[in-house]
Every structure is written in structure tokens, then in C-alpha cells.
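Worksheet for the structure shown next.
Chain lettering (A, B, C and D) follows the sequence in which the chains are written, and residue indices restart at 1 in each chain.
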Amino acid sequence: MLGTNDTPFTIAGTTLGSRLVMGTGGAASLLALEDALVASGTELTTVAMRRVSRPRPSADPAAAGDPSVWGLLERLGIRALPNTAGCFSVREAVLTAQLAREACATNWVKLEVIADDVTLLPDVIGLVEAAKILVDDGFTVLPYTNDDPITARRLEDVGCAAVMPLGSPIGSGLGIANPRNIEAIAGAASVPVILDAGIGTASDAALAMELGCDGVLLATAVTRAADPVRMAHAMRLAVEAGHAAAGAGRPPRRERALASSPVGGLVAVGDNLDLAL
Amino acid sequence: MLGTNDTPFTIAGTTLGSRLVMGTGGAASLLALEDALVASGTELTTVAMRRVSRPRPSADPAAAGDPSVWGLLERLGIRALPNTAGCFSVREAVLTAQLAREACATNWVKLEVIADDVTLLPDVIGLVEAAKILVDDGFTVLPYTNDDPITARRLEDVGCAAVMPLGSPIGSGLGIANPRNIEAIAGAASVPVILDAGIGTASDAALAMELGCDGVLLATAVTRAADPVRMAHAMRLAVEAGHAAAGAGRPPRRERALASSPVGGLVAVGDNLDLAL
Amino acid sequence: MLGTNDTPFTIAGTTLGSRLVMGTGGAASLLALEDALVASGTELTTVAMRRVSRPRPSADPAAAGDPSVWGLLERLGIRALPNTAGCFSVREAVLTAQLAREACATNWVKLEVIADDVTLLPDVIGLVEAAKILVDDGFTVLPYTNDDPITARRLEDVGCAAVMPLGSPIGSGLGIANPRNIEAIAGAASVPVILDAGIGTASDAALAMELGCDGVLLATAVTRAADPVRMAHAMRLAVEAGHAAAGAGRPPRRERALASSPVGGLVAVGDNLDLAL
Amino acid sequence: MLGTNDTPFTIAGTTLGSRLVMGTGGAASLLALEDALVASGTELTTVAMRRVSRPRPSADPAAAGDPSVWGLLERLGIRALPNTAGCFSVREAVLTAQLAREACATNWVKLEVIADDVTLLPDVIGLVEAAKILVDDGFTVLPYTNDDPITARRLEDVGCAAVMPLGSPIGSGLGIANPRNIEAIAGAASVPVILDAGIGTASDAALAMELGCDGVLLATAVTRAADPVRMAHAMRLAVEAGHAAAGAGRPPRRERALASSPVGGLVAVGDNLDLAL
């Protein structure tokens, strides 16, 4: 499409047709989630692992009508990205990733090592350590991190396939608290940078792309909106808009006004008139 | 289209298919302008009046190959909105509007009464006065004003068909300096509110719509971009994205984090696994 | 004192020893107000006019122990600046100013022409008109205006002795919404510029001065603080701090880091050591 | 003084009379530095260690007229806080701290483990590691860190005597990029929090204190100002102002205006007049 997605969005050799990565948390129902995922155009969606007390009903959840996120994503042809949400230690995160790999038949993982259940901020020391272990174990690691450019570099150095800095805390909808940091991360990284957490509305997503991010990951901004489908559509457009704007080369900001229309040689009574370019 | 433009954008009884109003100032050439206008999807475009020394070449500029903005807009089927750019007094602005009406066969006018050629800020006292004169004279007046909610109300009170507050100074690209004021204007107006001036990139345009504006007017952000066509496309998407997001009802901002994925009942070794909603 | 108040703060020929102008609105009691005024160091304080149903108890309120703001200011030696708060038309404001002049024996007036009792924003068209009338009638006019640089210029042009732009709406405590506008007003004015309305805390007051204001006017930030005396003291220091910082010439902002300590030639084992400048 | 410094500012059992910690980098001369230090009122000042090629001229630098920062601080009675500026690894930082302890006869150290000489951002993984080593070695460690609340907690957990988060990059003067993070750090810490790096002007310093910091550390904002003495004075006042404001309990921000003066029962012709509280 003219002006958008002209450069492919590729993670670990896999090219995705959409720069919008969705999360599934917060959806009111599977049906509501399905409509929102379709409207978003996403091709990659995170899912949380959880313990279930009963066996899975069938070897092929989609065929069996299994009302799970997993079945839904399979049916929609959306790649699932298991995450380690709720893991508060390196050991927990690594173990969860390994179980997810087995259960989901993918070596991709959105790595979260969360410091505590109040701030939900990443524990960057544990994160780098867990990332290293998982990379060595053959995973394609997409770590959720804070907006520190140095930590982002470390994650890339240990072999992560992308870095996913937060804009602001999970679920806050506060947007991008420190745009300079995000711009610095995006400017320095040689792997894709995906803004993860804090997006509250479309302009936040557009801004993330304008700062140089390669993609945006969001969940509750869509799933908890009054009209999730409409917000999913808004986010799809916003990510494309921001990416196109980043590529279009905006004019520099100016502290002073600059006339766009000519201010000299203007209309006078009795003269012939034309319209100015 | 699902999720966008569901409510019509109507000015003085005329419904427009796009909420993006373009300006023509700053374009490198007529050809570049044409491509950008097409990519923007705009159906309303402002043009400045200027004095010309030679008569217009033909009664039908498009047919005659007249290399004018006027001819271009006619050919593209875009409604022309003459402006009074460069007018520094009520008298000048009124006269220019009247001449434009005659020359362009439209009673729509983007009214500018500019205080000086450095700040290019509106002279709101002259603006209200000129608006009253032109409304009484049968014009459909779309005034370029500052972001003062009270002046916006005055302009509506004297009969303007829309109010067009600035985000920041003309040509600055500084975005929306005072979002609360724009939100207050949009929330109180019963005529369309079009953000005019200051838009620098796509996220600015999306934000304007999220604040409740009915449309966005911009020129140099597109015409002076490195790739005007791509930026025009970005702006088109951004305006749709912001409008859809405004209609979708974003979740409220939260000062504290809120988990989107479940943080309790998580994976443990040896248990059956499923993916959490 | 070295570094502060080195240039006198003079309004209409009267030099004031403090750049902090206080308002009296919102105080819990006259006693609380007195303590706060003393702690603030102010030498100029606004008072609102109101109708009273009983005659004033004495010709000399201070001597008679009149529990009025007027008596308090007289006793403290603080100049009273009557305001026209609550006036919604030119006529009301002019009349109130004239009555205040008679009642208070001062031709200074803080001119307010308020658009409505919800926004409490100034009606700038009425404001300029009322200012002109009062200047012609011999008043020293200090108008409360919005942050529009053009309106500020108009107020100066009609002969106002100062201009007093808002930072944000009265009583909001939202600080300075549009610092560029305040800086533009302060940079262009040849009369004193006093930031009026919106100050919520000390850093707001310091910022106002750093943007080039000559003084700051505030009321509820002090009178409605949990500890008004301590906040008054904070504001006194903040205004001095901001004024000194403005005069001290801050280093320019830099998008990139710059080492303050030397990064080359550093310590190595076995070498002599010294401390670097 | 009433309203300021009412709670003592104590680091590792040592109470300081000023909450402004100064750096010495960037000063034009020792003489200029001396004047600025005196004007700042500081009682704690950081100094960088560097290698010198010649032996120190005397055992008692001050007596010998040694033109060193060390001698200056001794003469002024200001406690010296050696830093590890320019150290890019744990080993370098630990070694420098140990040498500084020997040279300066203090076990206090401002610990810096810098990631690279372009961003000058802290390497938080190395920082926590070095902090642990130095705490175990008996140091009183004051670490320069980023604005991540989790890293701040880790530094406190390993026994640091304070945490010193950046507002923005060293020498940038960009102020406090992420006030919510600073507020979160200050709200959670049980050791003193000192805002370190990024302060550009007085209002930045006041804001740091209002966000709950216990102190502010700055260098180039003063040493590179056009008038360092005046800026030092401004910073001294700003820190006191911000601290007093934080303690005074500002009124909550309000999205809507709130009259401070009464808007009802106002002046009418012929009535008795009084001044409203």
C-alpha cells in the first residue's frame, strides 16, 4: 500500500503484514476479542499461560470448538506469542517459557520478569539474565523492558530478537512518558523495537511509530474501550499513520511562525485576481 | 467504512467525505501539490488570493491548461475555500473576502485577520468584527482564531459556520500547545471545530480529533515534508484514526498499573497448561 | 540581597519590594490570611469589592478594629489593589472600578471582565474596551487577561500599566499551560508582566519568572493549602529563585549528554591521585 | 527558618544543613567555583578523581596554596563526596572508590558506573553489583542511577545510603523527563532520594523537591551559567521553596476553574461597599 508498510516488518526472519501486535488481556468475551482482533489487522498476538485443572478437551482445539484464545488465534490465522506474564523471578519466567514452548509449539516468547504485582514494572536485572538463558536455549525472545536505552542495548547484546520498551505502566493508558528515551532506543537498536505498555489512544500509537518504533503492542486500550472494534480499527490506522509520517520526513519544528500563504503582493481593489499557490 | 466517519462532517449544510482540510501553501510545484491532495483524500482546500498582473487566460482554467491552483482543484473536484491570508485589518479582510466571492463564485471564506507578519497570530478583536460583517453580508464564514474558548464562542455567536482554533503558530509544527483549551472549544461548540495551524505530524492530527475536533486543517506539514504524498497519506489515516478513537471511548487513564493478563493462578510445573484469556 | 530583586519592580512609577502579588480569596479566616500575607512578603494584594447590607462600622476601619481585609492590609502596610472580580460586562467592571476608587482612595485597579461564571476566563473584547475607558478616566489599570500575545499588546497599547496573563484557569492549580505564550508576552511587553491565575505550587511560580515575567499573582495556592503560611513562604522563595535564575543565564538545553566531570585521563592503580575540577 | 528544612536532611547518620548537593564539574576557575559554592549554601559537594602526573605539592594542600578543589572544600568546610565519574565497569568503579577513600579519608562515595561516554547513562546492572561490593567493603554508597523505581529499590536493598536518580541525561539541562517515576521512587524509598542530573534551572530543582525528593544534586546548571553565583543563589532558594511547598500541602489540581473571590452578591450602584475576604 502506498506510503505504509513499505519496509517489511520482520522479527527473527518472519515478516508480518501488520505492525500492530495485540494482547488478549481484558477482553469481555472471546467473541468480543475475535471482532477486535479482526478489526485490528494484527498478525501476532500475545497470550498468557495459566494453569488449568482439567485436561484440554481435544488435540485440535479449533475443530473441537474449544472456547480458548488458542483456538481462536488458530482459526484466525494469527501467530500466538506466549508470554510469561505474572512471573516474578528468573526461574519462574524461564520455566513458563519452556512449558509454553511445549504446549504451543513455538519457540517465540514474550519475556516478562515482573518486579512486583503493584507496579508491574520489569525487573531489568532478572530480565537480562532470563533472556540470556532462553536465547541460549534456542528461544526467539521478545523482552518487555522499561525505557532505559542501556538495558535495551543489553537485551540486544544477549541475543533478543526484538526489544519491547514500555511507554508507561501496564494498563495505565498514560501514553509515552519519556519520548526521548523511546527515540533513543529506536535509533540505536538493530533489532525491531516494539512499544509495549501504556498506549491509551490512537495518537499514542502514532507517536510511538513517529519516534522510530517498528511496531506497537497494546491490549487494554482496545479490549477495555467502550467500543473495542472501533478502537482496534483506530489503532490499526494510527500505527500505519505514524509509520508513514516517520518515513515522510516531517518539516522541522520552528519556534516562530512561518507563513504558508504569501503575505506580500496581495489583493487590491480593481486588480485582476487569481489564486495563489 | 467501519469505525470511521460514521457521523457525517457537515459545514453549513454541505457534507464532506473527508475530515481533513488541506491548505496549498508551501508546495514545491503544482504537480507535487496535486499528488499530495489526491493522497490526502481531502474534499475542501484553502487557497490564498493574490493580485496578478495579467488577465486570466480563459473562462475555464482547467480546459485551458491554466497552471493555477484554482484549475487544479476544479479538475480534482475539490471544493475551494478562499482565505484572507495576509490581511492585517478588518477592512482588508472584508474586501478580500468580497473579491474572492466574486472571483471564485463561492460565499465560503476562511477568514483570517492577522495581527502582524511575525507572529501570524489572529487579531481576535478584528476577527470577530470582520466575521460579523461577512455573516451579515451572506458569507459562510470559517474563522481562523486562537485557542481561547471565549473567542470561539463569540465567533459562533455572530454566526460563523465553524470555528478554527490554532494548535500552535502557523508553520511552527509545534502541535497542540494547550489541549485543554481545544477540548473546551470542541466540547462547547455547536458548529464544527476544525483544528487549524500547528500540526506537524500524524500524531498531532490524531490528537486533535481525540480532543473532539470535527476536522483538521493543515498545509506545510504535508507540502514541506520530504515526501509530501506519503505525509498526506499519513494525515488522512491519522485523522480517521483519531476520530475513530474519540468515538470508541478510551479506557480512563490510571495513575497505577493494572494487569491485563491474570497474575494469579499461573503456571506450575507438571500441571496441564492452557492459554489464558 | 545579592542575586535577587536587583532590578526594581516598578508599576506606574511605584516600586515594590516584592515581586509576589497576593490575592485574598479562599482564606479560612482573617487571622490565617494575616499570617500568610506576612510570610509571603508581599507589598501588593488584591481585594474584591462586594455589597454589604450594613454600614461600615467606622470611618477608620483599622482603628475601630474592623475585621475587614481592608483594615488588615492597612495595618500591615500592604498596598490594596481592588479588583473587579465577578463583573461580567464592561459596564459592571467600569462601575465597580469607579466605586472602588472612591471607597479605597486608590486609582489602581485589577481589571477583570469575566466571560461567564463557569470558565471564569476573561472576555478579551470587553476587557480591552473597559481598559480603554478606565485609562481615559485616570486609572492605573492592571488587566487580568488570557495568554494571547496579541491581546496583551492591545492592552499595553490602550495604556495599561501592566498585563496579567493567566497560566491556566482561576483556581485550577494547573500551572502554566502554554509557556511559549507567556514567554512571548514577557519578551514583547514594555510594561510589567505579572502571571495571574493557575499557579498551584512553588515550581510554577519559579517557572513564570524564568519565562520572563516581572511578578506573580496568586491566591488559592496559598490560602487553600494545608499550611498556608508555609506555602506563602515557599512562594516567596520561588519567585525570588525564578527571578534570579532568569537573570543568571541558564546554559542552553542540550539533546545529548555532556560530561561535567572529565571522562578522560582518569584514575589508574598506582598513580598519584588528585581531585578533578 | 520557619517553613523550610524543618525535618533534618540526614544521610547515613550525618545531618546536612542544606538539601542542595553541588558538583564541581564545568567551573571556569577555582575562584568562580568558590563563589558559587558559597552562594549555594551547600554542605556536600562531589569531586571527580583523576590521575595526575606530578606529586601533590604538599601534605596539606590548603596551607600550601594548592589550587585544588580538595583544598577549596576543606577551606570552606564543605564535605567532599568523591565520585567515580568516568568509570565504565564495575572493576574500575570499585577500584576508584577504594583509591578515593584512601586519598580523601572518607568512606562516602558517589557511585557511577557509566554505560558509555555518549549517553553517560548509568549501567544499572553494573551499578547494583558495584554498590553491593562497596557496601560490603564498608562504604557509604550514594549511587547515580536512572529513574527506574525498581532499580532504585534494588539499590536500597543492597544497602545504599541514598538513591540518586537522574531527571534527564547529565549536562542536558532538560529537567525531569518523567516526574511520575521520580515521585514513585521518592514515595517508596526509606533512604534519602537525591535528584541527580538534568537540572537546568531553578524551577526544575523546586519541582524535584515537590515530587518528594530529599535533596538535589547539580553542577553545570550553576557552573556553566552566565552568572554562576546568581544561579547558585537561585538554586538554593528553589530547593528550599520546593521543599516547603511539598510540606505545605498544595490544593489539588482541578480541571475546572474555581473562583477565589466571591462571584455572587457583588457591588451595585448606591449600596454600601466593603472589601470581600
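The rule is short, and it goes like this: contacts are C-beta pairs under 8 Å (C-beta built on N, C-alpha and C of every residue); 3 or more make two chains touch, one makes a residue touch a chain.
Note that the structure is predicted; figures quoted are calculated from it, not measured.
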Of B-C and C-D, whichever chain pair has more C-beta contact pairs: C-D
Whole-Å separation of chain centres (CA-atom averages), chain A against chain C: 46
Distance from the mean Cα position of chain D to that of chain C, given in whole angstrom: 30
Whole-Å gap separating chain B and chain C, where each centre is the average of the chain's CA atoms: 36
Residues of chain D whose C-beta touches two or more other chains: 119, 121, 174, 180, 255
Category of the chain touch graph - line, ring, star, complete, other: ring
Touching residues on chain D, where the partner in the complex is chain C: 1-4, 23-27, 30, 33, 39, 47-56, 68-70, 80, 82-83, 85-87, 95-96, 99-100, 103-104, 114, 117-121, 169-174, 200-207, 210, 219-221, 223-231, 233-238, 240-242, 244-245, 247-269, 271-277
In the complex, chain C residues that touch chain B: 115-116, 119, 121-125, 128, 146, 148-151, 153-154, 168, 174, 177-178, 180-181, 184
